[in-house]
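Note that chain A is present in both complexes that follow, paired respectively with chain B and with chain C.
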Partner chain A sequence: MTGSASGNFRGISPAEFFYRNRQMAGFENPTQSLYTTVRELVENSLDSCEEARVLPTVDVTIQSELGRTCTVSVSDNGTGVPDENVPNAFGKVLYGNKYSSRQRRGTFGLGVTMAVLYGQISTGTPAVIHTKTAQNEGNEYSVYIDIESNSPIVKSSNPLKRKERGTTVHITLNGDLKRSRERVIEYLRLTGISTPHARITLSLDDTERYTFGGFTKKIPSLPVDSLPHPHAADLELIRRLAAKNPDLRLHEFLVGSFQQLGHKTAEKFLNFIRMDPRATIGSLDREALSYLGNSLRKYDKFGKPSATCLSPVGKESFFNAIRKEFNATVIGYSQRGPLEWDGFPYIVEGVLAISDAFEQSDIPHLFRFANRVPLLYDSTDDVFAKTLKRIPWARYKPPEISGVAIFTHFCSIRVPYSAAGKQSITSVSSITSEILSLYRELGRKLKVFSEGKKRALHSRRKLKEFSRLFNLLAKFSSEVAGVDNIPDTSRMINELFEVDSDV
Partner chain B sequence: MTGSASGNFRGISPAEFFYRNRQMAGFENPTQSLYTTVRELVENSLDSCEEARVLPTVDVTIQSELGRTCTVSVSDNGTGVPDENVPNAFGKVLYGNKYSSRQRRGTFGLGVTMAVLYGQISTGTPAVIHTKTAQNEGNEYSVYIDIESNSPIVKSSNPLKRKERGTTVHITLNGDLKRSRERVIEYLRLTGISTPHARITLSLDDTERYTFGGFTKKIPSLPVDSLPHPHAADLELIRRLAAKNPDLRLHEFLVGSFQQLGHKTAEKFLNFIRMDPRATIGSLDREALSYLGNSLRKYDKFGKPSATCLSPVGKESFFNAIRKEFNATVIGYSQRGPLEWDGFPYIVEGVLAISDAFEQSDIPHLFRFANRVPLLYDSTDDVFAKTLKRIPWARYKPPEISGVAIFTHFCSIRVPYSAAGKQSITSVSSITSEILSLYRELGRKLKVFSEGKKRALHSRRKLKEFSRLFNLLAKFSSEVAGVDNIPDTSRMINELFEVDSDV
Partner chain C sequence: MSDMSDPIKSLTELGKKILSSIEDGHFPRIEIPARSTENIVFDEQTEQFILGDSRTTRDSSNSKHIRSFMQLMWIASFSKRLLESGRTSSLRDLYYSSEAFGVRFKDQAESDRLLSDLEALIEYPRESLGFFPEEHSSIYGKVIMRYTVKGYEDKEVDLTISPDGLPIGPALLSASPVRTDAKLILAVESGGMFSRLIETRCWERFDCILVHLGGQAPRSTRRLMRRLHDELHLPVKIFTDGDPWGMHIARVIIAGSANAAHIRDLAIPTAEWIGVNADDIVRYNLPCEDMNNRDLKRLDELSKDSRYLSDDWQSAIESFRRLRKKAEQQAFSRFGIDFVVDEYLPTKIQ
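Our next item is the complex of A and B:
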């Protein structure tokens, strides 16, 4: 197995792996590649603006040539990239600053470098990066990737003044603007929903212009890095933590390494698994570490994870953006969590809305987001989409005229994407059951709304009949009384029925 | 973008990437991980046996403990792994001997190392490898992976005699045998269909035993490495080929580097794109190389790719295995190709069969294979499954009693898997249209068969009626003739109706 005596064994770099399997990272063909390039650049820009604590202004332009070659430019007012990091950040696959224990859009250090790689192999052009940090005046670089060695080739770097802090990236690639146009627009439109404080513009071939987002001026608080939850303690994690401070005693090691593990909990836990709290972590052999890790993963008395590392959109922001973008009536909001999957904290939130802008169907139209990023491809394979079909929506009496839509947002320090292209979320069983509960909660809100509507309709009919009778009575009384002007009954009726002018 | 002035930039190893995103490689949970481990080990074994030109004997055993921990052992009679390659082959992600230009089961140098990694992080145990090549007497190793640096840690290596050439691998991991039992059995059963010359045994907890395959003793010819097709000439490929022999003149460079590019074609092509055939390839700048590559990709007069790098199952072997395994009636076989997607040669083949063993449904039950490997997960997202729904099967008059199944096999030097877990094939548009044609061909064969059945039924009724009349006539004639024994008419009737005893 694994080859022959004559076999030609060798290793390949991660750049080579993704060069050979670019469909896994969302670079399947010119249509998808153009979309993915926009997406990766915009996500990076938004992450950077978040870090800079500014209202993001992201400008996207796409220039197409002969329908085959496109130049994508994305400009932001984020932190800028420090000079020493530019080559690797754009020319080395699996390099980045996204390996933190808090919610971020980018996660792999893969997306932008894959866009650079695809541009380079399809059009032979380098990526051009113009960036300025708070520490410098601005520089422009052009960067290729040496795919075999996974290292950057800086073709040129020159000082080039830039007025404001931030970064502009230009990538020229084989792209099919005609076919990916709709997706790009939809993606940015939905990004404006999930990042409503960002103002995003799109310019296509200098002829079409769009603006998205900008629904609020409130910058959400920055999620903070958090200690791992004890349920995330696989043996690799335990080993690494132990190697950092081998002299710590077991009790201190646990308290200092994990969240939801204070002194009392540590004492109880160690007592429960019969391990000596005074043993140093460095003295444990692989077997003992393995026992400790397994016990941490299984022990069910740790608290739920802290949510400070997460940044859900929130009811008010979500409502506001959906109302404005889709001219929708928002029916309800639900949130589940913070919970954990394999020890990684997560929150799911959802909004149910009705609008003529949504297509009518037996099941609600689904908009999916993960860490504030809209997911547009591979919906059949996604846990939110699969779960949606398991709900008996007819039972919740959706309205017969407007379309119903659900906006779902999964946020976590680790999103279980099914592939590196980040298009769909795997069906982890604990997550699936939370999504089911979320849908049911939203369904019940829909039912309450629909029944309210029905009652209102019924009341309105009764009211009409009463009005007619009251008016007749008034008229008759006037005649009997010999009064000329018939009294106005409407105020009385309104008071009787407590009419709400909005119904 | 891409981080901040204060950002914590760093690179991670591919082992770290897949450790963090193991669901992408098929290690989502204990159920799937057990299945993937068996699968990756068996695929490697079969690839190795193919290389050794022997009838594969692959023995799989799974021992479970307390329903949580499983030890998977897979033993083969392949080439064995050379000593110097054992550490990297099992302890380094993206290392292997699978990077060839011909059809293989394994492709990434990822699967087995991911199984080792998962075993290590879930149970703390190393992989144990016992292997013997033609050059040695046998050695046993136990291997971990240093995930942060993506390098092997050999915990022990000892001489251990082994009678026959081959390899046995033991991996202990968190696995759920109860829940993955069915999948494992199904996977091995189908492997016996697509590799009918292999004999595979499965032993579960020493209580259940199964045997699969072994339907033929004919070893298929080994696919051979082939030159790339000119349509695969992205700029990276061109650059690498050019760097190998920079002094070659353009004409010789093309003829020597690509298949379907002989002297005459090279001349015509270079004339068409107006490049000087006498220029040396090394003298071309990036722009000229880019022009050359784009022209190669677009030129539509190159021949179809050679099929020598591919190994389809073939009509006879497929028929034979399906008949025996499912007690099925095979209705038809179709093959499309060799064709190319992005320049990579491929063949699709399919068998339509009916059997009571297949569930009855509006559309045929689908069995998918890629490079002789059964694909069991993620069927909704797969190009074969998606395309199947686009065919109006009712039109082809499937039988009303038995179930119908289609066995499809995609073989290529590069399978466009949608994720590293190799469970589904992406919808590349050129492939999609070939699959549609394949299904239609099979559909027409089904229709011919069903109509033949109908005609046969009709004939049988006619035959019955004739028999009755003939017998009456014979009886009457005998009476008229005053003969006592009535002559037997059956032979005459059979001759008249050309009755086939099988109908």
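Our next item is the complex of A and C:
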């Protein structure tokens, strides 16, 4: 028994793992898979355009054949993929260039490769990538994944001219366009809100065409990589950093490895935890490193994290996009942060808006975004959705105001998603309390607005009533005076109420 | 109608003034003699209420004033139409007519109040503006009056023409007294007493003109009494129930009311109250009732009223207070139907 049992033990590749657990990454059924494929391709395109510092033009086409087979093509004007990277980028799960410490849409190289994998297992077709960088004229690749070994199989690669720099990816998969159509449209529409400088087109079966975004020509500044915040210093991070420069003295090591840790702070901190600033980091044993990490995480005198690694949408762009997309009245914007959760810098921002296009309900309709990506599924598990229900909206929202929506954007170098499908954010208590404050602030703005509106309505009514009464006064005075024509009073009244005469 | 042409002129001028202000692009303002209690003073010399000097401003650019300003001008236009067509309107009619013009008063008290403003503004009483109160009181006696109203011009009427008395309405009010055999005006509070005095030919016996007040005398009734008093030189006696309310009915005829302080020629300072007072109740041993709280409170109020500051009035109040009883005019019936005429009035009138 024992012998045969030990014979069954073996490691599995990441590709194998996600092949078996593809629901974790958002490929549970044909409907969800089609949506997730579009989403991953578009996210990569936008990330790449950001890198290239261009106004993104992203064209999405979905072609469905014989009911269940769909081909998704997404093309962009981003950086293009360097030839040597193409096989791994598209044919190796968990391979990517976004492990950096700044806000990105993609996370750990699990996006497009899952789509490639799903396409391959559901239709047997390889992914086709046509890409051109600044350095070449363009090439086209067909790529499969060897699932067992998690390595790319390049079926073909040919030079193929491409006019502009950028990438087009085609994936053929088992998808249900009929059922995911709404979601895809909604996702792209909302992407146009959170990335308002991008112009996104969608073409479905050559019959339906949509355009989203393109609300501004301002490219947001590129978030820059930042050193980790000391509160993020777990043992693993400390060990990796220490391994890079084992000869550094402790003081220099801290100053050079972390943000919010200058010479003065380092001195105070090391003095406080009674560690020798001159000890070389390489000489510290596991226990000492662990003590150092714990102390870094607990010490409460480090500054708030810098926000340069983050890219919130910002008030003006957010307002602009929401106004145009939903024909909405934007009521207020509010932002919390930069703060950190477990040492990861984050900002939450929110906009409250009113429009007939929004659901009429007692509590505001919620549009969630994380790192500029709209979150459409799993809202019940989401911290923003859960927290929204804790706000006594009746206190802020008079019943006559309906069609209220809140747009929330969580941006961080690490988003605490509850699953690899990246559809909902888990409750982290420090984040939850910030969301509460954000909602309350927006609520107060709604209240101020509705009171102002009431006042304006009131004064409009007042003007109407005043002018009625004053005209009667003029009429009766004419009668009493025995004069036939009644003088015109509109100019006097408008001046009195300080309204423009042409209103 | 000749005496009505002046109010028409005043109204027209008011209208022109307001209109020209609007034509010049200025929001019209008017100043009305203030009718608030602070501006009502009891004039010791004439022994009646008059308005002081303070004035209230109605500014049509003020959204708090515009409605009542407009309503005032509507009443003015309504009045002008009445006068031009020789018609009259009751106060209640005035109130109900407003609706059709988009004017709308909160209640009749509001339209009554604004009519008073108009009276104060153009210095004509409402009767001259075509408005008469609803409550008609009546008159009976040996007077000949000559009508001036349309259709009755120069017709004469003998005020004994109807055994029920003649209602005091617009026509009678604008009529002028021609001659009389009477030597006295006797005003009585209740209708019952009025009828009794006509039936028992008291008017012959005392040579008096009988006036039925019906509670607080309407202004038109007071106006008519004042006119007969002035033009026929007849003294006025007032006979009321024996309680604070009756006493005050008399006092208002004598000294005027705060409500009508802006109207001159209403009070009759020489008029005399001939009871029933507290002493009468005792002297005649009249059937009476205990005073209730409202009565006693009213006595307190009156004792502080500037019209009651004289010793005589204070002691009249004091007697009621001590007695704590009240009696109606009709209470004399206990001694037989003619007792009032045979016993009470002769003593009081002589």
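In this section, the second predicted complex is superposed on the first by the 446 of 503 C-alpha atoms of A that agree within 3 Å, B and C clash if a C-alpha of one lies under 4 Å from a C-alpha of the other, contacts with A are read in each partner's own complex, and residues count from 1 in each chain.
Note that in this section a contact is a pair of C-beta atoms (placed from the backbone, for glycine too) under 8 Å apart; a residue touches a chain by one contact, two chains touch by 3 or more.
Everything numeric in this text was worked out from a predicted model, so none of it was measured.
Q: Have a look at where A:380 lands relative to chain B and chain C in the superposition and call it first, second, both or neither.
A: After superposing on A, A:380 lies in contact with chain B but is clear of chain C.
Q: Under the stated touch criterion, which partner chain does A:90 make contact with: chain B (first), chain C (second), both, or neither?
A: first
Q: Taking the superposition as given, does A:215 touch the first partner, chain B, the second, chain C, both, or neither?
A: neither
Q: In the overlaid three-chain picture, which partner chain does A:477 touch, first (chain B) or second (chain C), both, or neither?
A: second
Q: Scan A:469 for contacts with chain B and chain C and give back first, second, both or neither.
A: A:469: touches chain C, not chain B.
Q: Return the residues of chain A at which the contacts from chain B and from chain C coincide.
A: On chain A, the chain B and chain C contacts do not overlap at all.
Q: In their shared complex, at which residues does chain C touch chain A?
A: 11-12, 14-16, 18-19, 22-23, 25, 27-28, 60-61, 63, 66-67, 69-70, 73-74, 76-77, 80-81, 101-103
Q: Using the touch definition up top, name the residues of chain B that touch chain A in the complex.
A: Within the complex, chain B touches chain A at residues 1-14, 16-17, 19-21, 23-24, 28-29, 41, 44-45, 47-48, 51-52, 74, 76, 78-82, 85, 88-90, 92, 94-100, 106, 108-110, 112, 120-124, 131, 133-135, 147-148, 166-167, 169, 234-236, 240, 286-287, 289-290, 293, 378, 380-381, 414, 416-420, 426, 428-429.
Q: Report the residues of chain A in contact with chain C in the complex, numbered from low to high.
A: 462, 466, 468-470, 472-474, 476-483, 487, 489, 491-492, 496
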